[in-house]
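For reference, chains read A, B, C, D and E in written order, and residue numbers begin at 1 within each chain.
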Amino acid sequence: MENIQKKQAASSHSHSFMKAAVREFKRDKVAMVSFFFIIIVILGVFIGSLFIPKDAFTNVDIMDTNLAPLQHGHLLGTDDGGRDEFLLLVIAARNSLSISIPVTVVIMAVGIFLGLMSAYYGGFFDWIWMRITDYLSIIPTLMILLTILTIINNYNIWTLVWVISLFSWISSMRFFRALTFAERENDYVKASKLSGSSSLSIMWTQIFPNLSSQFYAQTALAFAANIGLETGISYLGYGLPYTTPSLGTLVNKATDPEVMTQSPWMWLPASLLILALSVSLIFIGQALRRVADQRQSLA
Amino acid sequence: MIGKNLLDAKRVGVDFRINGEWLTALYNVDLSVKPGEVLALVGESGSGKSTFAMAVMALHNPNQSRVTGSIMLDGHQIVGATEAEMEELRGVKVGMIFQDPLSALNPLMKISDQIQESMSVHTIVPKEQWHDHTLELLKEVGIAKPELVANQFPHELSGGMRQRVMIAIAIANEPDLLIADEPTTALDVTIQSQILDLIKDIQAKKNIGVLLITHDLGVVAEMADSVAVMYAGQIVERGTAKQIFENPLHPYTRSLLRANPSLDTIDDKLYVIPGTVPALSEMDHARDLFLERVPWMQTEAKTEVPDAPMEPESGHFVRGKAWETFKFQDGYVEKTRQKNGEAKLND
Amino acid sequence: MWKLILRRFLIMIPQLLLMTVLLFALAKMMPGDPFTGRFSAHTDIHTLLRLKREAGLDDPWPTQYFRWIGNILHGNFGNSYVLQKPVATLLGQRIQNTVWLGLLTIILIYSIGIPTAVAAATHEGSFRDRFWTTYNSITGGIPAFVMYIFMLFLFGFTLNWFPTTGSVNIDANGFWSILGSRLYHMILPALSVALFSTVSLFNTLRTSLLDARSSDYVRTAKAKGVPNRQVFWRHIFRNSMLPVASTIGFDIVGVFSGAVILETVFGYPGMGQLFVQSITTRDYTTMNAIMLFSGTLTLLGSMLNDIIMSWVDPRIRIK
Amino acid sequence: ATKIKNPFPVTVKSSKKAIKGGTLQFAEVSDTPFVGQWVSSLSTEQTDADVEQPANESLFWTNSQFKFKNGGPANISFDDKAKTATITLRKNLKWSDGSQVTAKDVEYEYEIVANSAYGSSRWTDSFDDIVGLQAYHEGKAKTISGITYPDGENGKVLKIQFKEMKPGFTQSGNGYFLETAEPYNYLKNVDPKKLVSDAKTTTKPLTTGPFRVKKIVPGESISYERNPYYWGAKPKLNGVNVTIVSTAKAVASMKSHQYDIYNGLGNDQYKQAKNVKGYTVTGNQALYFQALYFNLGHYDAKKSVNVTDRKTPLQKVDLRKAMGYARNVAQVSKKYDNGLTVPANTTVPPVFKSFWDSSVPGYSATQNLKKANSLLTKGGFKWHNSKKQDYRIDPSTGKKLTLIYLARSGATNSEIVAQNYIQQWKKVGITVKLYKGKLTDFNSWVSMTTDPTADQNWDFTDGAWSTSSEPSQTDLFSASAPFNFGHYTSKKLTALLNATNSQKSLKTSYRIKQFKKYQKYVYDTAFVIPTKYEINWTPTNKRIKSYTSAYGNAGTTTGNWWTTAQLVSKKPLTK
Amino acid sequence: MTELLRITDLKVHYPIRTGFWNRISDYVYAVDGVNFSINEGETYGLVGESGSGKTTIGSVIVGLEKATTGQVVYKGQDVTKASTRRKMNYNRDVQMIFQDSMSSLNPRKTVYQIIAEPLRNFEHLDNNARDKRIKQLLDIVGLPQRTLYQYPFQFSGGQRQRIGIARAVATNPKLIVADEPVSALDLSVQAQVLNFMKDIQKEFNISYLFISHDLGVVRHMTNNIAIMHLGRFVEIGTRDDVFEDAQHIYTKRLLAAIPEMDVENRDKNKAHRLAIEQQYQEHHADYYDANGRPYPMRKLTDTHSVAMTKEQAQAAGVASGTAEEEALAKGGK
């Protein structure tokens, strides 16, 4: 019974958020298109890649290299290894998303968890965490990432996820810490304490719902940023191996001005996909933020 | 106190565009302030008091709002005046102080700069005198160490001091009219009384008109020469302070006075006005909106609302006719009314 | 004030020390060493080993670490084993290049971001506003290097408007000609960053302009009779620049950390490019010096922020 | 017999009339800046040597086969009986500040190499052949007893006393003596430890070549002007600008006609570079070979000796040969190297016309899967499922035959090429996996191949060498060579290598015979499988009146191309 | 009347931390030694200027702030320790109403969820019983049942304040700390809320600690009043003691500053106010010690204590011994 009650309560909250979001997205056609685009890309890429055998994108076909789109049945042409660009794009997108999605999840989860705890408990706990983040934030992140990636000899998607996450949670923690600090000032927190709720329950059932819309918006932005970071690392040559292509490795081909002009099919689709993903996520983030603002303004 | 009106507002209306729809926030407001007079504008939150003040200053955003009617300020028409004309009038003819003296002062500017800016945009005080005049002003508003304060920033001053500085800024160019929008709501009672006394002193000394906006009836009683009571964007009653407090006519005024805790009510329940203020979008200003909260009265008085206020006493105006028949539901009769004889007016 | 700066400096020391430990450990964990790059069939491996030993790379880690730290404390950043120069000399040139580029970039970012934010905020809801807001959200979302490559290709090679390599033309002589040549070399990279990095400045400034516009003190100023122009510049703009000023330190740091990719793409001989090279050649001394420099810069940046803030915002006074 | 063709002209000429003076724009294609070290014994970078070309001149001239010849800044003569070499400097050989180049200056270079205070990495055991140099190197002697000045330190003659005359002496780059000099008087007051970073050796050098440094932007570019003290023909150009251009930008900058000469372009860029209007590609065979090294043993660091003792199916010669036959080197060369590499048959580059044995067939000329299969079957590597021909079994373990390939990253297509070979080997049933699933970067690769304590869990790798202009291969494959990555040794191999350096080999015809024997042996045992040779190519703008990529001091009338270089227009030509 | 809660020598000092190591450099003496007690069913008024420490006292009583020293004795137990409070389900009996009704209601929770929270934690009701109780509470505060699943922003200020009250009374508390419950409300709404508070007080015999700076409201609501200044009490007494017979200069000043709804006599009032103000300026030193803090309390009558020196007390005509001494003696029993 108790559980049902809670579920009801929870669903009625998310229900209203969903409603506001639906309203907002209906009003904002750009955000709506972005939303469906993201969904289609994610589903398409993950489901599609299930049907692509590994050979299709690892095997080199020396006869069919550098084909322009639509030649020899290659929709988007082939690369310098004769690999089909379309298949590559699907796999690359899957790999890039397989990195940026978990990274986003990790840093948002760590960020909200530490941010909430740190701001809520304050005092020594907060002080320690702030000193840690202070310390970590003076470290030149990209440089250290590159250094670490040269040390790790044999890495896969998961290693990359952990390494990128290692430093990226700081800003999300600070963000949520600041929000929680502001939220904590509200008297409803005191009221909950007086109503006998435990600290944990106050944090997660009282404060967190008020951060949730910022949380969604921030997640969209972080996701976009992580796609950028992953591709940037791959661009510098510290990404995944050849057999695990990512959007960054595809874009990387444009560093060769010759490829850039003569074989745009090798890098342009990937660049456009990155751009479209990033921009869509930004539009979604903005819409979600407006959903949050709307509630505040209604209040 | 007889003379030409300093401020003469006739049938002033203000509409706001909210979500693409024009909604009326102020309707047919008639008000006037004479030199040397303190007019108190009272009413509940959201009744339109600030909206009126901003209309006098012509500070409403022209894209989001429109002002109709006529507002004459010392012979200048404000409705429809250009921005340049208004810049000439603001600070010179009319000065204004606001409720929250912290946010109303620029946090990044020294006090002296903020006062002098007032002088610098007009030609009334010659440049050589700015410095001395600033110190003089600060002294005038009761700041003990003007030299020190002049060089400080707003956040370094207490609430009362800030409000004094606000007053100094407002009177820097010796305006004829001072608008004070809830000048003491954010202050402690002791500070409040000091600031009110200060405003009163300055008003008397310079013989200026004051439009004092407040929702505190006590403040009104202490300060005002005349009073205008506002409800839902309309002036429901106006008259001298004495008339309003001793012989309130409009049902709203009477209800408000009754709801105020006083010595008489000490162990009783307070009077509660039934119902709530309608939302802006639900207001039909052609009617007397307060009467919707008096369900026990007959209907004729409610529907028939003449456009012009009635003047049952000289200088005492009241909107509509409902006052003639209004009785509290519980039959309560105010002491003053018992004393003055209710019948006299009701007949 | 000076006392505070001093104290902040003292606080920096443990943070930097901790950082040196991390950097040192990472460097040591990297495969290879600065001498692997010199390897060829005609160098005697024993000579290489001797040189390595002489460079102290065979000593126990703690010895190496403390020697390194000791030297740094004496202002000696060691020698680059790969480029065979004192790191200080090497970095000196590179940092200069990066600093100039960074400065130009920041100036460009500000001179694009501020006017557009002002235009957008003063015409809220207009086409101009929507245009610049959209421009910023799109440019802010594109991974930078994609745009760098594009800019380089278009303006550097196809249109041939800008030099595509180096930091100065070797034929430039005399102060003005050299300065001109340096500027000419920096414009394309700086512009490529600036055109696509205004988003945070734009958003911050636009929001705070809008906030300031409806603030009480602006109403006060208007009530004084202050003309609109003056209200805008003295009250709205000045106050809105506060949050912008509060990020200057971090902006500077951001520009420097962006140098890694930027300089790699444009082949601009700055710190970032040197870093990528030093990491591939395992030039520890150079690599660590650069990271240490960046870390110090971050600290100085946040200190600069505090100082700027306490300078422009009288509410923040350092005790 | 194997034929190696150079697809490019060695020399190109323009019929247009030359302009007077002019500045030549030289692009050095490189992703790292030049160090700018002018003391040759302290410099290790090829980039440095390239960018310093206009101002540097070697003491001795050579012919196109790298044999010393007279007529250059100095002459060298050998006395086999007395075991001496005599170096005679030209009377008018001067440093670029006008001071004389002296015998001491030549000797000073030896001091820099041998005195560890200077930190040179050039010292090798070969120098032990000069009398007293080892003692000096070890600090036991204050001077080098084997080097003497018949005309005094400031004279122009230097005599070197050797312990033993070597067959390689007559070839430039033999590593037994040095071929450059340094301005002793100019540098003598610099603290040896600081010499490497002193302005006198980095930004304000003294040189002897036709041009001298006017200005240096460190790491980026150098501008040269005529050296008025040059001993030879007066250069025709007013100056030369050398600029570092990154690999990624080189072709694009060619297309916008920014430089006259592009030195150091990668083979993967040829396809784009070859058709750029206004440029002609010149080229020559490179001193380079690449080979497949099988990891057959380990290096005993204590004894400084290689031991062939690794347990691996690769100990079977049939498997090694099959690995060679299964590769499609020619296809890869054509596709990815654009014909700029050619399948190699031996480990001696064919530039050494007389030493290279064209009769050895090699394994890389054509892919031969049939032969590979039959060799494997012969070696006992049976198919796991002979019908399906899925993979082969290692008879010694009975398990799937799997080899680990330590492939190097670096070029843009390294990964593609590696994957391609892996696919080819799969065709003959050899399962090959990349070491840790990916390519290994250069630094890790060096650590793994040279450090005996590193992980040795790999079976084969690619090794490539830019060889010296002396053909000896002792440094590469001898039992004591630390760079013998395959650690293969045998009595026969040692004997063959020794023979090429023996006193008998002072006679060139004997030496050639020994070299051919050695190459045959490499082919038979297949302990390394030569993969490819390379062709150097240089696009040059058509505004250069004449250009040559000939080796040595051949190809021009004056013996130094930089003095004859001329331009036919003010700007690089666009057609 | 029985005593419900007694505060003895309560001090709350907030440390001011500075520097990197976050060291304590000074203290804010928010509450600096106060004693008083609240009886069952009575309303105790707490008045004073902004920052004088009113909220802090309230917070300590409900357990939101820690007392630096001193005791809060409820039903004979010292409840300054969090563990004690938890053991006895203290907040079931002692609740709070906040000034800002908007911020005290979680914008993401429905009325139902808000009122259910204390019930869930303190009362072990089954769902039906709880639903019933919530509906009953809604009736008590006069909100229609349909509002049960609405969100706070859908209510007016007065309604929101009533939701806050419903939450506070949900567990039938004995004492409610009301921190400026009507300061943010308009006159007409204020009347509603005040009436309502009085109603439920009668019905459930609740005690209030009523914090306000509006003396009119305080006079309307309270039996006993404490006037606070600079973290200390300057005067305690019954309503009549304070309003009719103010002894402390600060109390007098406060009273004089209240604007009176008496148009006729406003000039007289002003003159009186100015006279008191002058008196305050002149005699300030007599009422505050060397550190500028009020003196300890002295008993004038059984109900009336004032912070003054012995001499002043004697001049005022009464008694010996400070209130503190007495309080301590009582506590010792």
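Heads up, the rule we're going with is that a residue touches a chain if its C-beta (ideal position, glycine included) is under 8 Å from a C-beta of that chain, and two chains touch if they have at least 3 such contacts.
Note that the structure is predicted; figures quoted are calculated from it, not measured.
Graph distance from chain C to chain D, where chains that touch are one step apart, equals 1.
Note on connectivity: the fewest steps through touching chains from chain A to chain B is 2. Contact with both chain B and chain D is made by C.
Taking each chain's centre as the mean of its C-alpha atoms, the one that lies farthest from the centre of chain B is D.
Ranked by how close its mean Cα position lies to the mean of all protein Cα atoms, the top chain is C. Separation between the centroids of chain B and chain E, computed from CA atoms only, is 33 Å. Per-chain CA centroids place chain A at a distance of 25 Å from chain C. Centre-to-centre separation between chain A and chain E, using Cα means, comes to 50 Å.
Residue positions of chain D touching 2 or more other chains, listed in rising order: 248-249, 252, 441, 444. Counting partner chains per residue, chain E shows two or more touched chains at no residue at all.
Within chain C, residues 30-31, 152-153, 157 each touch two or more of the remaining chains. Chain A contributes residues 1-2, 5, 9, 12-13, 16, 127, 185-188, 190-197, 206, 209-210, 212, 295, 298-299 to its touches with chain E in the complex.
Only residues 58-60, 62, 65, 80-81, 150, 153-154, 241-243, 255-258, 262 of chain A touch chain D when the two sit together in their complex. Those residues of chain E that touch chain A in the shared complex are 22, 59, 62-64, 89, 91-92, 95-96, 98-100, 102-110, 112-113, 117-118, 121-122, 126-127, 149, 151-153, 164, 167.
Chain A makes touch with chain C in their complex at residues 134-135, 137-144, 146-148, 150-151, 153, 224, 227-228, 231-232, 235-236, 251, 254-255, 257, 260-261, 271, 274-275, 278-279, 281-283, 286.
Within the complex formed with chain D, the residues of chain C that make contact are 30-33, 35-48, 50-51, 54, 79, 83-86, 89, 93, 152-153, 156-157, 160, 164-168, 170-171, 267, 269, 277, 280-282.
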